[in-house]
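In the part that follows, the structures are each spelled out as structure tokens.
Next come two complexes built around chain A: one with chain B, the other with chain C.
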Partner chain A sequence: MNTILIRHKWEPYLWLLPSLLLMTVFVVFPILIVFRMSFSEISRSGVMGGFAGFKNFIDAVNDKAFGTVMKNTAVWVVSVVGLSTLFGFIVAMVLNADFHGRKIARSIVVFPWATSLVIQASVWNYIIKYEYGNLNNVLLNLGILKNAVNWRTTYQIEFAWECGVGIFVTIPFVTFCVLAGLQSIDAAYYEAATVDGAGFWKKLRHVTLPLVRPSLTVSTVLNIIYVFNSFPIVYTITKGAPANKTDTLITLLYMRAFYDQKKGAATAMSVIGFVILCIAAGLYMVISMRGEEEL
Partner chain B sequence: MKKLVALLAALLLVVSCAGVAMAEDEITLDVIICQYGNNTENWFLGTGMNGTSFVNKFETENPGIKLNLEVVSWDDVRSEVSTRITNNKQPDILNIDWFSGYQGDGLLMPVKDYCPEELFNDFFPSFIAESVVDDTVWAVPDLASARALYYNVDILAEAGVEKVPETWAELEDACQAIKDFYNGEVYGWGLDMTTDEGQAAFSYYVWNNDGGFLDDEGNIAINSEKNVEAIEFAIGLYKNGYTNPNPATQTRYDLQDMFGAGKLAMVIAPNNLPSYLAEKGYTDVHYNTAALPTNEGAKPGATGVMDRIMAFKDTTLSEEENAKRNEAIGKFLTFFYTPENYVGWVSMEGFLPAVNSAVEALVASDESFAGWLKVLDSCQFYPTANEKWDAMRVGVINVEQNALIGGDVKTLLDELQAELTK
Partner chain C sequence: MKKQIPEAAPKNRKTGLILVLTALALTIMLFSMPIFRTDTVLFSKKSANTFVGDEKYQSVRAEVEQAAAQYAGFNKTEVREDVTLRTKSDGSQSSMVTFSVTSQGWNNAWQIITSGLPSGSILAILLVCVLISFLAGFLGRSRISGGVAVAFALCTLLLVPAFAMLNTRIFSRSIGTVLSGAREADISALLASADRLLYGEKAGEDVAKLLGGMTYNYTFALWGLLPAGMLLLCGVLLMQNARLGSTLARGALYCFVIALCIVILYPYYVMFITGLRSIAETNDMYFLHMLPVKWVWSNFYDIVQRGVLRYLGNSLLLSSGATLIGLVCGIPAAYAMARMRFRGKKAFLGFVIMSQMFSPVVLLVGIARLMSALKLNDTVAGLMLINAAFNQAFAIWLLRGTFVSISSEMEQAACIDGCNVFGALTRVLLPMAAPGIVTTLIFVFINAWNEYTISTVLISTSSRRPITVGITQFSSFNMIEWQYLFASALLATIPVVILFLCIEKHLVTGLTSGGVKG
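This part shows the complex of A and B:
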């Protein structure tokens, strides 16, 4: 009797053990190492010294590019997550409607998401490559342009392009999260709303939005994390140039760690990013869960 | 049964002893080589060395020494090495452009500990001098390249530029003529201020204006008047519309492609540009080379780039084991620099040699080498022996990129000087 009880008590943990071990080795352990590095002295060639206190964090915050890059990161996350959620939602509504070729349309929407991000970023880089990119070729051949245009004259425009590419590649993810939510809504709600005389906007506001909220919460929290940590787009298109004006925190810390060989400051930036992400994702989840309880 | 167990145990003992004996006799060297081009990996690890690989040939000729050789791209090599160092797994032999940081951290062995004297005396003395810190040589040169001005003969002729620019004033006139004639469809001058190689641009201009990274006493002098004047001139070329439009993101390879496609009239490039253009299929471009234009009154400053091979300490070994390891490293170097192997390596990627014994064979195989070797004689090299070199390199690129978007060159260089000397 006792052994059965003990077995029952331990069995779930036994099953969980492999995943817990994997998580410890591949997630928890590296996080702890980065935390330890962020408080250690590290030379340019990579030799790790003793405890450095908050020196790395002070270096990171005093980095000349830090202010600009934090601002860029905020613009990057808010615009990419915000606009891709808006457009993704609209696309999901369209794909949820009943029309011929719906399945084909759905697969087309998946394409950008199913392609590797580095490849997509490289392709976009070729599309907008100064005067000799594909965009110019197409527009010149169609006769829309008479002379080739440099689509990247200032770094602000280059950063806007990067945000645009970010939005484009993120839309499918939101679309499919929302689409899953939309399909789980019982048609009876809409019928009841129609009977009560609700139009499109009222149904959207009082039926659709509250019921897809859990899907939106999931997609937004995951997106905040993905987009904040997204590296290939900025790195492929501008590498943060000129003078870190188009960097986000993640590309800056990569450049500091592996290009400038300032590993101490880079690990500190990484810890700062980690904390910001935990707070942002946590806050969003608390707020949206409170909203759900109020429903 | 007991007999069988005893027999098995005895067999096991013999096998394990043999294993130990083999392991004692054999030494494995961890080697990191940088990827210079498409052929590097094939030459070291594939079949690019007359049907075999460097590693195979070396191991056959040097029994008892195994090579664990890895070819790493230039983009990744620094991070790979520094990650290895952080984890105490530094390679035995490293090929890279920079050594002073590793030397400053006490990680390198002096060259005299492992390099046979005969080989050491074969290196160009001026090259060896670039790897000396505290009167000790810490690395040996593996190859070099020199930079020159390449110009498109047809574009210059069509735009009415009769003489290839030799001074900065003539360069501005030529660029203006090209701008007027082609109305922006062809750029006059290639400017690469990217994080890839922006330090090269910095050196072209400061060295051709009697400036430099260091002063005569070897102190950092990044904000000298000559340097400010030189960088202001380079930024002026961009502001006047004489250059490619995005110098902060258009790398040397973008410029070489534009040059090959006839979109760029003049570009500063290494001596292997012809093989690059041929490989990429740019066969229509009609070009020639000249010395870099110099500011009026300044000494011409040819730019050379040199890479190195160095050996790391292994503090876990006994004195005897270390002596054996040093001997193996010496054998590696001797094998690499043997003319029979080295000439093939240098000419395959279109570089210039670092040892005297290779010169004759190289000149015999390609006459243009003689001209380039002369340029190499007058070249200046980056001050990589200075322990702040890496910070200088990153710093000057940052200054250039900030200046491109409107920053004041003098203020930026003053700030960099303060940061480097604090």
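This part shows the complex of A and C:
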């Protein structure tokens, strides 16, 4: 067994203490504070009053933007996670093939992962500007367009762009998770499949997919959480305009808490988001604990 | 490497020949079709304080119509009018009507080549490439001629976008937008050649004088040369090599990878060129050069003046602090998780995984309140602690994976020799686990460096901002100084991208194998 002897029963807990302390203070306390605030009366200046029951939650749900925002959040999470998983998988398949310059290609694909979201979002915000945006510039220069096109005529289109940027920055993570899975597949499986006369699609369905499923599951669940919590893209490109029509739950929460001084409703939204995340987290734990049997 | 190319099967050779001939026919057809459009403003007149329909309008209009009639013989002429209405602050209105008579000419590729226009030479090269490729593929049977045919077919493919780009730039941009004094000689030469092409020197000086705003559009139809080039390439390959399928698959793979890299690098290209432009260029909607006309390196000097170095310093401090705290707390925990047996291990792991789920964003309000209670709001130290805490999960995850993958024999030996557990960790395990530790270190560092949301909420003093928040000072509500924004974004991005590239390989194995399988 890969363990070492310990002298006292309490020694392992001593080793865990610093980490436990750090996480308790800065992760658990905020959670408790948010829960307490969501059930308390909160004045505009943020002073906590007595117990308020579900008043804050009722305020949050009755917020005129709440319905749209929940719908947006669902669209945002499903489209970004779904499409980036699909594209990331394809990219990983390609990067797993053997070709000249594969190392360089892999290094380039990692770029968006290493770049701050707020910077990526600012760049894309500039690219799709109508008057002087770079996309129009490039397309006009290539002769593909004759006149500048307004890329963001309606808020639906703007939201679609935001989803696009979300997909763009999420792909590398999926790609590298899948790639790690692909590299661990023994070539013998493919040889056996070839001997049995399986074509590309058959190999994909019966060899590749089952074997990369663990990495794919991990990346998908983690992505659901990251994408749900993603703030800078929407905040930089539209700031939720017009009238919260492009907001997600996180950006609305931020606006309500720090611009509109509706801390009560904002904490209730936090709790709602928190509960949604708990469900995702529970799912993730079940999946990742499955491999931890020998602990 | 294969030394010999297998002799192509006769059937392949025949198919290849058909494809090559089709490509040639398509090229010749495209070259002969009048698909190049030239728009010329022949005559223009501005008339201030004119309202549509009034007397003044009528008289100017008549004058313009008369002028248009003069040019009706050359090409398809057209009268355009633009009305600009302005309402002054006192409520009165003024307007300006601009009339322009434009002519449209359609020409084919032969005319462009013979006219001596700059784009004509590219068209000529393109045509020569197609012909050489055709001849080499058609006549030659050796390895060399095959190579030549393929190379020139590839050249054709590359020349089409090059042509499109250069062409549009030379005409529309040189003439239409940058009429600067320095380029007058170029412009008059261009105008003269355009005049020759359009009017066969008949209109002479008269037209040359009027050619003020000539724009030139080659049409979309020219992209038709691209499929023609593809056909040519496939045909040549078929004639040379029996196995077209694998060659094409390889080609498609490279095309995909190149397209992918272009798309991913595109935002960085935008960041780079915009960061080095002058303010006039970034906000000019008519400015259409792919690269800055003038590279303004002084943008970097300007952003330094506006405190970017301080923000970078703050970021460095914040990320190093967060990394240090994260590792000091994380290494012992990961060590215990990897090497010791105790009750509640599973519970702790569950707690770690749970904490990874909650990005600080959803807890913003709680964090802000906690920090003000601890008197840590608006301090870099507060940000350090938050970042360290929220990165604990990943740090423990990665470190534990590394420790588990290293055998504990050495440590056990050290323990028997009288070393205590702490000594075993620091003297034996840590040096061996160095790559994994560096990976974790860089990963936490980058996460803290790129963090944005918590910093916006917690930091209110301008001089304490990290760089991700600092760059937003260049985008105020109605005026965004893009060149400064991107110049500082560049400074904030390059170091972390390089750092990330160093750990990329270790990170992936750490995240999946170390984490999931345990």
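Here are some notes:
Just so we're on the same page, the second predicted complex is superposed on the first by the 271 of 295 C-alpha atoms of A that agree within 3 Å, B and C clash if a C-alpha of one lies under 4 Å from a C-alpha of the other, contacts with A are read in each partner's own complex, and residues count from 1 in each chain.
Everything below uses one rule, namely that a contact is a pair of C-beta atoms (placed from the backbone, for glycine too) under 8 Å apart; a residue touches a chain by one contact, two chains touch by 3 or more.
What you see is a predicted model, and the numbers here were worked out from it, not measured in a lab.
Superposition model on chain A: chain B and chain C are shown in a clashing arrangement.
In the overlay built on the shared chain, the residue A:V25 is in contact with chain C alone; chain B does not reach it. Of the two partner chains placed by the overlay, neither chain B nor chain C lies in contact with A:G53.
Of the two partner chains placed by the overlay, only chain B lies in contact with A:S43; chain C stays clear of it.
Contact with both chain B and chain C is seen for A:Y132 once the two complexes are overlaid on the shared chain.
For chain A, the partner touching the most residues, choosing from chain B and chain C, is C. In the superposition on chain A, A:G67 makes contact with neither chain B nor chain C. When the shared chain is aligned, no partner comes close enough to touch A:G82: not chain B, not chain C.
When the two complexes are overlaid on their common chain A, residue A:A241 makes contact with chain B while staying clear of chain C.
When the two complexes are overlaid on their common chain A, residue A:F258 makes contact with chain B and with chain C alike.
After superposing the two complexes on chain A, the stretch of chain B that clashes with chain C is 163-171, out of 145-153, 163-171, 235-243 or 343-351.
Applying the stated touch rule to the two superposed structures, the overlap between the chain B and chain C interfaces on chain A comprises residues 46, 131-132, 257-258, 263.
Within the complex formed with chain A, the residues of chain C that make contact are 161, 164-165, 167-169, 217-218, 220, 222, 250, 253-254, 256-257, 260-261, 264-268, 270-271, 274, 282-285, 287-290, 325, 328-330, 332-333, 335-336, 338-342, 344-346, 348-355, 357-367, 369-370, 385-386, 388-390, 392, 396, 404, 407-408, 411-412, 415, 421, 424, 446, 449-450, 452-453, 457, 468, 471-472, 475, 482, 485-486, 489, 492-493, 496-497, 499-501, 504, 507-509, 511-513, 515-518. Within the complex formed with chain B, the residues of chain A that make contact are 42-48, 130-132, 150, 152-155, 158, 238-245, 255, 257-261, 263.
Interface of chain B with chain A (complex): residues 76, 78-79, 81-86, 101-102, 104-105, 107, 193-195, 244-246, 248-250, 258, 261, 263, 390-391, 394, 398, 401-402, 404-405, 407. Chain A makes touch with chain C in their complex at residues 2-7, 9, 11-13, 15-23, 25-27, 29-34, 37, 46, 91, 94-95, 97, 99, 101, 105-120, 122-124, 126-127, 131-132, 134, 137-138, 140-144, 146, 148, 176-177, 179-181, 184, 214-215, 218, 225-226, 229, 231-232, 250, 253-254, 257-258, 263, 266-267, 270, 273-274, 277-278, 280-281, 284-285, 288-289, 291-292, 294-295.
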